[in-house]
Structure formats: structure tokens, C-alpha cells
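Okay, so chain A shows up in both of these, paired with chain B first and chain C after.
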Partner chain A sequence: MARLQPPAVLFALIGLAGLALPLVQFKPNRIVPGEGVGLLALPQGLAITGAVAVVLIAACAPRWPAALRLAVAAAGLAGVILSLGAAAAHLVPPGNALARVAPASGFWLLLLAFGLMGTDAVNRLKPGLALRWQMLAGALALAAAILVSGALDGVSVMREYASRRDLFGREAQAHLALAFGSLGLALIVGIPAGIAIFQAPRLRGPVLGVLNILQTIPSLALFGIMIPVLGWVAATVPGAARAGVSGIGVFPALVALFLYSLLPVVSNTLAGLSGVPAATRDAAIGLGMTRAQVLAQVLVPLALPVLLAAVRIVLVQNIGLAVIAGLIGGGGFGTFVFQGLNQTAMDLVLLGALPTIALALVAGIALDLLVQGARRVPA
Partner chain B sequence: MIEIRNLTRLYAGMPVVDDVSLTVERGQLLVLVGTSGSGKTTLLRMINRLVEPSSGRVLIEGVDTATLPAHLLRRRIGYAIQGHGLFPHRTVAQNIATVPRLLGWPRARIAARVEELLDLFQMDPAAFRDRMPHQLSGGQAQRVGVARALAARPDLLLMDEPFGALDPLIRAKAQADLKDIQRRLGTTLILVTHDMAEAVALGDRIAVMDHGKLLQDDRPARILTDPATPFVADLIGTADRALRLLSLIPVGAIAVPGEAEGAPIAPGATLRDALAECLWSGRSALPVEGGGVVTLDALRAQARHP
Partner chain C sequence: MTGRILLAGAGLFLLGFLVSPASFAPLFQPFTRNNAPAIYAQTSLLSLTLSHLAIVAVAVAASTVVGLALAILVTRRAGREFLPLARTVTAVGQTFPPVAVLALAVPVLGFGTGPTLVALFLYGLLPVFETALAGLTGQPPAIIDAARGMGLTPGQRLWQIDLPLALPLLLAGMRLTAVISLGTATIGSTVAARTLGEVIIAGLLSSNTAFVLQGGLVVGILAVLIHHGFQGLENGVRRRMGLE
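Here is the complex of A and B:
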């Protein structure tokens, strides 16, 4: 055992468990619970199962280079997703519009196994920044190609998508507008606020205290509070309703996400500015820079990596939190999630959840790469 | 000429700098010495108004500095600090160009000035211009810090423990280079240090401070031979004051006609070097390059308390 790679053994165990469990669920229609169908029950199932098992076990050998592991993981991920599509095409009788084939526990475990293997391989490879960007672009291109090819069109989630193509596009836009809009507002307000409390230390306690309290309010509760409060504002303040203020819809969702974003932006701005060495600031002032020049030419550039880290935190957090907006008519992928929950249609829930997860993942990785790029400029 | 008149700075009612008056002539190198908390750094920072005086005035060439906008005043005064304070996100050339850029010099003039300064500090412009500060050694970073302070040809240069972060070997070389450059440019220089040896090695004049008060302001030789208070005497230390005194005088100043055996010594070397050489080679006199001798008896006479 000591000669084996412990992480690879873990991935193999997860993958083998995935092979043993049902790959998909076959349901006569979208609401009833279905029955599990394993990979073995599909055409060439035995050969595929055997090949996957052999690869997973072989990967435990210590001599495998990381690049090979990465290639295997990528092929494994593509293979698992394609076999999901193949299973759907095989199981649903032609012409039957009601039957659904949904991914089941086996699929998710195999996805997890190869996903972990890929992540582990990338960490071992320690690729350069440019290569990481290329890998991210490659993964996105591959995913897009699989989706566009129609190989997955028989899968339940894609069936839900097919009947809501236009709506999906609109909700995707609404989701992105909520996540990026609240981020933008938080940056416009939060960065100046961070700079202000950096220059006036007496304000730090109160400002950060208030933001901390805001951050601890559960998201559902915050939405709940805002319905009566903003509803009252819209009803009594002249012009407020015409300006878009309302108790439900996009406005309260945007306000809530904005409030949650303020603490990370303000506190990271403060931390970034405070992290600039005192000698550097002293030199900047001593050489005759004005306050604005010290800020623009020295403090903000040096605080940039910490600021970008805040952007990463906020964007990933808001992509996830924006789902809740669906509950109060704010739009976004949450609309599908809550509709699906109401109809007990898990496929519809997945249509909202999967793109949200994918967005958060891509945004997180892309911003990590941006932060690393910014950190490389100053030492 | 810099005139410091009755300068006082209070913090929470307590004087950190207490009614200090000083005059520094054009081209002079004044060293402010004191222990930490003596007020020497606060006094320095009041000259370029990084600290505003509670009372008193600073006049540069007769102009009261309080009448100028602080940032414009600072652009005319060079400023270099311990740990160099270079901007880590800017190249060596951009760091040196800071004040010329603030003053709106044309591009070509800035580039030429950067070249000139790197040459002056014995750093090859082609090799160093585009380096980032973290790619420099401590000694190189310190030199870039001083070059940046001198970039816009200030008539006055302020330095706060500029050699504090350097190891002793590099420090001695950096001190000698600074003194040489200051002589050549004719810049008035006020330098803060806690190290009396550094003060004696560099200063045309030494001002000793303690508890915010100026205790003594005089030539190094006078400070060594005639300390004004017991505190100044303590700061000098009694162990090697004779040797420090010898280190202030060049061999050429006491050479007399005559002949002596062995390797000659340069007329620019200090009497301390000459004494060390006498003891090491067991000679009682050394020939001086270009004629004359320096004798052990003469060295002894110079080192004795007057």
C-alpha cells in the first residue's frame, strides 16, 4: 500500500462505488420516482465498466505522470457525460415525450472521481498562468461542444431546457445581471468607503460593525424583511415606485446582494491599503505626492491583489445567493429551482442548479487566475 | 542656508522637540545624533513638514517653509529613509523618476537624468533601469533610494537612518560614497542617525539631541575632545575616542620632511590608518606617498587629550 498513491486510491474507491451504483434513473414521466439503471444494463456496458475500472485501479500506481492523469481525467469526464447521453438515447423509446432519464448517484460519483483526479493532476503539474487560462478555455470549449452536439439532448435536464429555451436565456441574463450588478454597486460604494475608513481610523469600528451585522442576517430573512420595508417605501415615497423600488422583484434582490457584498469589499479594501508598508507611504508623501497621488499611484496599485480577492469572494457568493432571488420574483436561475421544488420536478431544479454551480466554478477559477496575475507584478 | 528657529513639537502636551535652533550652511553635512526618542527624527520631519511644528519656524534661503504648500515644498527637498521605501510596483527607473515626473519634466530629460544618476551610483543603467526593487540587494536598493531623493537636483537632502538596514561592510562603503557624492554635488545634507561612529565619519557638524533638546552642535573634533554634557560624553564613549579623533585627520595634514623605511601610505589616509599600520608592521615612522614621513610620536601627540 505504501507504494500506491493515497489520493489516487481514494479516487478509485469513489469511482468504483459509482460503477456499482445506478448510472441513471428511468422515469415514465417527470414527476414519479424512477428506477435505477446501471451502466451494465446498457449496450457495451460490460466493456465500458471494465475499462473504467481498469483505468481507475491502474491510476493508483505511483509512476503515472501528472500529465497522463490529467488526460485520463479529462477523457473520463467527457466519457461519463457522453455515456449519460447515450443511456438516455437508448432507454427512451422513440416518440415517447413523457419518459425521462435523469443522472443518478453512479453518474455523480463518477463525475466526482474524475473531477478530483483532474484537480489533483493540475495541482501536481503546477502549470504557468498562461497554461491555466488555456486549460480553463479548453474545458469550457469542450463542455460547449458536448452541449451543442446534441449528445445530451435525451437527458432529462436538457428536455426541460428544450421546452424553456427562451425563458432559460432570459433567466440566465437576469442571473448574471443580479450577480454582476450587485458586485458593481458594491465596488462603487465599497471601495470609497474602504478608503474613507482607512484614512479616518475612528470610523472603522462603527462601519465594519454595521456591515458585520448585515452579513450575519440569513439571506431568506433579509429578503423577508425587505418585502414590507421596500413595499412601504414604494407606496409612500413619491417617485420611488417609478424609479423601480418595490417590495418584490429585481430591486429587493439587487439590494440584498449588494448589502451582502459590502463587507468583503470594504474590509478587503481596508486590509489591502493597510498592508502597504509604512516606509513606502512615508516615502510617497515625503517625495511630495499629494494625498490623491499617494492613493492613486501607490496605495491602490499595491492593494489591488487584495481588492481582486474581494471581487472573487463577492462574485462567487452572489452567483450562489442570486438563486434566492427566484423566490421573490427577482428572476435568475432560482426561478427554475423554486418552480421545480413546487412541482417536485427534480429535473427542473437541476436546470436551475447546474448552471449556477458551473457559473460559480468558472468565475472562481477565472478570478483566482486574475489575482495571481496581479500578485506577480509587485513582489 | 537652512535656519531652524525655536522649533517645538508637542505630543499630548509633552515636548518631543523642545525649542531647538540650528543653522546649516549651504553645502554642509549636518548629522543629528541621539538615542531613540531623542526627537531627532521629529526635528528632521518638521523640515519638510511631514510633521507640522507646534511653534517655531524653518527658513530655507530666507523663505519661511510654512508659507508654501507642503507637497510643493517637499518636491524641492530630497528625502531618503531607512529601508529605502522604494515603490515595489515600479521599476528602478520609474522610482528614480518620481519627483521629476511630479514636476512635469519632459520625458527625454527624465530618461537622461535617470541614466546620469545610475552612473553616479555605479549601477549600469542597461542592467538596472528595468529591474523591480525586489530584484535588488540591500546596498543597491539603498543607492536607488538616495538616487530617487536626488533626482530633481534638490538643494537640500534629508536622510533618516539611511544606512540602518545595511550590513557593516556595505555600510562603510555606502557612507564613503554618500560623502563623496555630497561633496561633488554641493548639496546641503541633514542626516539622522543613532550611531556616533557614523556621525563622526560623515559629519561636517554634529548636533547631539536628547529628550527633545539640542545639547551640543559643533565640529566632530570638538564634540570628541570637548563634550558639552555628561550625556554627550556617554554617547561618544570613552573606550576609543582617541582613535575616533585620529580618524578625522588625514595623514597629509601632519606629514613632516624626512625619510622612512617600508611601504608608503597615501596622504588621504587617516591618522587612524597610519597608527594601525605602524603597530602592525612594527615601524615608528611611515613614508608618505609624494614625500615626507608621519611619525608615531606625531600620531601620539594628535591623539592625546588637548
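Here is the complex of A and C:
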């Protein structure tokens, strides 16, 4: 039996299925269901289909080095995305502002096949930290170049974007402000709280217990409860309203996200500090350091990787949860998601969901790299 | 001990509230304005709760079966090649926001319970797979050697050694999945699934805090009870196998 590389066979199967299924959906307007159009129905469709199929099958040979696989995967991803743009440009008659071309199952499967192939190749290459950063930057630059080039302008999601460019910018800012703002607040409050319960073990049970209970409240309810609570605070506490506290808009969402972020920050601060070996602490005290010096110069730097891990958890979680802010008028990409669901305009849903996923992915990967970097520094 | 009493109290409160919500009206009255109803009455809270739990149970069961099967597959010799890839995909998959997964399932499956089930299933796969993998690969070398020395076939080793030893970790994965699904299922109401999210959303739309509170309270108590239930199960299994 000719030896094959099993993962590559899986990617080939997924990719070939993708080639067989419709690449895009053509819809006369944005609401009605459309009909699928395969890659073959497009100009040069046969050549592209053949090339992709040959590459996918050839990659099953075990001899291919990982670097070549990675290059093929990157080229495949770019090619699939560009084909989507080309299909949209070809299918929509010039001057028709209503017709929509949306990505369909074939597109997503091809994306998955090449995405998996790339991931597998990166795993096999075992690149160093610096190279991983460069790969991330390269992928982002490539994605930005494709978006800016206008090659995708005919695709439905980009059409939705074009008609609300300003709004998208504002919601993107709101989304980032929600995710990073709540993270910042959680760090400001959570790290001192973590240090406090590290030094006073009696407080650990109650503090972590309360934070644990907060986590069990479903996000939808917590966001909802914040509206009247903060409205009441703004109305009764003198000066609160002037300080920006309000029951409507961004503020309730920000506070809800902040509350969810506290548990990871506090518990990881505690875990990081507790993880410092007692001998290290004794040595620092033996050197004549004061309690504050031990904390600032020994304990906190050594706890940093664990703390960064908390930042990763919180940031990825908050980028996702911030979507729910769209449901209570807090802005962010969720606005598009829920508007789209209400209008059954799936292109609009994608306009909200895709940037959220991309943001969460990039934040997750970047912080993973940061955590690895912090672990490697011999502290 | 006090923890157990509190749990039992919360459970009893939940049961009472679900069986006869109207008798708790005075409790929620202060949170309403303009004589709005204090208790959600469009649909029976009990039936919503049961439907919510059923969706979560089906999703968790499906993710457990598939997640465990995949974990067994990638730890056998035939699937070894997939192990690093599977690890990365799990890690990357978990960064996908559940709400986005839910929204993306709608175009494929339409509105209703379907997309919620699929989103919960896909999202729940990851913790189960991850913990099952940790359980199946984390055995001390001494145990593996002992199994080989006893002449166990790979199949016997899987059923008699690997799976029982992985059980506590698998239960921990199921616990994570169940608790996450319980919260995420509320968002399913935005795509017309029958869950307790309906109550919360009704409260949001009519600015009736009492609705938001009771929906959140029921889901919150359920989450705490399920969390502790699974934890008790884990501890029981650990004790029975002499791991503690």
C-alpha cells in the first residue's frame, strides 16, 4: 500500500467535498433564499477546480515537507477567498444594487480544509516564538491587503459593510472599548484583591465564593439586571450620574463584563502568588527585603505568566460576550448580529459575527504567544 | 456542611418557585413598575425550564459521546497523527464566541431549537474532548507497563484501564460543558429556541426587571446545582477507584 499522510487525506476529503458543493449563493436581494453556484460555473472554474483538487490530493504524499504544506495552505486560503470575490464580481450584473452573492458551504469547507492544513503544518514546523509572531503579523497583513484591495467588494458581507461604513467603525470602537475597558477595570480591581486574599487566607473562601456565584448568572440576565441597578445608582447616589454612571448605553454592558472578568483575574493572581516557592520568598526576606519589596520585586514578577494567562481568558471571553451588549443597546458588533437576526438578513449577521470571531482568534493567539514569552524569561 | 444546607435550600426554593410561581409574586413585585405583572405568565415557567434542561441535556450527551469517541480515536495508533492537530483545533475552537457560533448556525439550520442544539453541541465538544484527552494520555508510565506486563490487549487496556481512569476528568469536562451550555442556551431564545432566555428577553423588551431576575435566578440556581451534582459524582468516582 502506498503510504499516505492521514491528516492530509482528511484535508483532501474536506476540500474535495468543498469543491463539489456550491461555492456561493446567489440571491436576487438580501432577504430571499438564493441558489447555489459552484466553482465550475465561473470563468476558469474548471482550471481552478482542477488545480485545487490536484494540490489537495498531491499533499497526501508523506514526503511533502511542512514548510511546503504551509505555503500551499496559505496560497489555498488566499485563492479561495479571492475566488469568492471573483465569483461575486462575475455573478452580479453591473448596476444591480440588490443582488447578493454570499459565501456558501463549499467556500466554508475549502476554507476549513486549507485552514486545517496550515495549522497542521505550523504544528509540524514547531517554529520559535519570534517566527510565530512573524507568521501572525504576516497573516494579518495578507488579510488586510485582500480587504483593502477591493477584491471582495462584491461579496454580500462587504456590501453590507459599504452601506454602513461609519456605523461599523463606531461599533468596532464600542466593541473594543467594552472588551478592553472591562479587562482594564478587572485588572485594576482584581490584582489588588488577589494580593489581599493571598495575604489574608481567611478572606479567600468568601471572596472566591461570591465571584464564583457571579459566574453562574447567565450573561443575558446579568446584562439585563445591570440596567435597572445602574439606573438606580445614577438616580440616587449624588455625583454618580455626573461621573458617567448610567442605566442605558454602554455602561451596563461594561459593568457586566467587568464582573465576569473578576474571577479569572483574582483567582489567577492568587494562584500565581501561591505558586512561588517558599524558598524563594524566604531568600528574599533573608536578603533584608521588606514585605512590600518582596511583593513588588519577587512575587509579582514571578506570578506574571499566570496573570497573563488570566488576561488571555478574560480578553477572549469578553470579546465574545460583548456581542450580547448589542441586545441591550450597549453597541458593539452584537448590534449587527441581532439586527440581522431580526431582519433574517444573514449577511448582516455575518458582518457582526465574522469580525468578532477574527478579533477573538487574534487576541487568543497573540496572548498565547505573550504567555509563552513570559514563561521563557528566566525570572 | 453549611454549603450542603444552602444548596438544598436553593433547590427547594427553585422547586417551589417552578411549581407555583404565582405565590412568589410579592417577592418580585418591588422590581416591577407601572403595575406590570411580577411573574412571567405567557408560558409556564416549569415547561420552559424543562425544555431548557432538555436542550442542554441532549447537547451535553451528544458532545460527550462524540468528544470521547474522537479522544479515543486520536490516542489509538491509527489516529496518532491527528493528535497535535486535534489539540490545536480544540484550543482555537474555544476562542470562538458562543454567540457568534449560534448566529452562524442560523443560516444553515433556520430559526428554532435546531441552531441552539448544534451550537451547544459544537461548543460543548471542546471541553469534553480536551479533558478526555488529558485523562486518556495522562496515565503514569508504571500503569502502562503493568498493563502490558499483564498481557492486556490494546482493547482490554482501553476498557479496563484507560477509560475508568479517565472517568473523573471526563466528568469534569461534562460539568464544564453543562454549565456553559446552561448559560449559552438562554441566548438561544434570540433565535426562537424554547429556553428560559425567553423570560429574560421579555423582561428586557418591556423593561420589567422582575422577569430578568426570575429568568436569571432559575438558570443560576440550576447551574449551581448541576455544578455541585457533577462535582459530587466526580468525588464519588475518585473515591471508589481509590484515587484519593
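Quick notes
As a working rule, the second predicted complex is superposed on the first by the 376 of 379 C-alpha atoms of A that agree within 3 Å, B and C clash if a C-alpha of one lies under 4 Å from a C-alpha of the other, contacts with A are read in each partner's own complex, and residues count from 1 in each chain.
Note that a contact is a pair of C-beta atoms (placed from the backbone, for glycine too) under 8 Å apart; a residue touches a chain by one contact, two chains touch by 3 or more.
A quick note: this is a predicted structure, and the numbers were derived from the prediction, not measured.
Under the clash rule set out above, the superposition-derived model of chain A with chain B and chain C shows the two partners fitting side by side.
In the superposed model, A:361 lies in contact with chain C only, and not with chain B.
Contacts of A:225 after superposition: chain C is touched, whereas chain B is not reached. Once the two complexes are laid over each other on the shared chain, residue contacts for A:302 go to chain B alone; chain C is not touched. For chain A, the partner touching the most residues, choosing from chain B and chain C, is C. In the superposed model, A:292 lies in contact with neither chain B nor chain C. Judged by the touch definition given at the top, the superposed model places A:328 against chain C, while chain B stays out of reach. Once chain A of one complex is fitted onto chain A of the other, the partner contacts of A:119 are limited to chain C, with no touch recorded for chain B. Shared-chain residue A:32: touches no atom of chain B or chain C.
Between the C-alpha centres of chain B and chain C, as viewed from that of chain A after superposition on chain A, lies an angle of 80 degrees, to the nearest 10.
Of the two partner chains placed around the shared chain by superposition, chain C is the only one that A:352 touches, whereas chain B remains out of contact. Minimum Cα separation between chain B and chain C in the superposed model: 26 Å. Taken together, the two structures place no residue of chain A in contact with chain B in one case and with chain C in the other.
Here chain A touches chain C in the complex through residues 5-7, 10, 105, 116, 119-120, 122-124, 213, 216-222, 224-225, 227-228, 316, 319-321, 323-324, 327-328, 334, 337-338, 340-341, 346, 349-350, 352-353, 356-357, 360-361, 363-364, 368, going by the rule given at the top. The touching residues of chain A, counted against chain B in their complex, run 277, 279-280, 282-290, 293, 298, 301-302, 377-379. Across the interface of their complex, chain A is touched by residues 31, 78-79, 81-82, 84-85, 88-89, 91-92, 95-100, 103-104, 106-108, 179, 182-183, 186-187, 190-191, 196-197, 200-201, 203-204, 207, 209, 212-213, 215-217, 219-220, 223-224, 227 of chain C.
The part of chain B that touches chain A in the complex is made up of residues 48, 50, 71-76, 79, 81-89, 98-99, 102, 132-134, 145, 148-149, 158.
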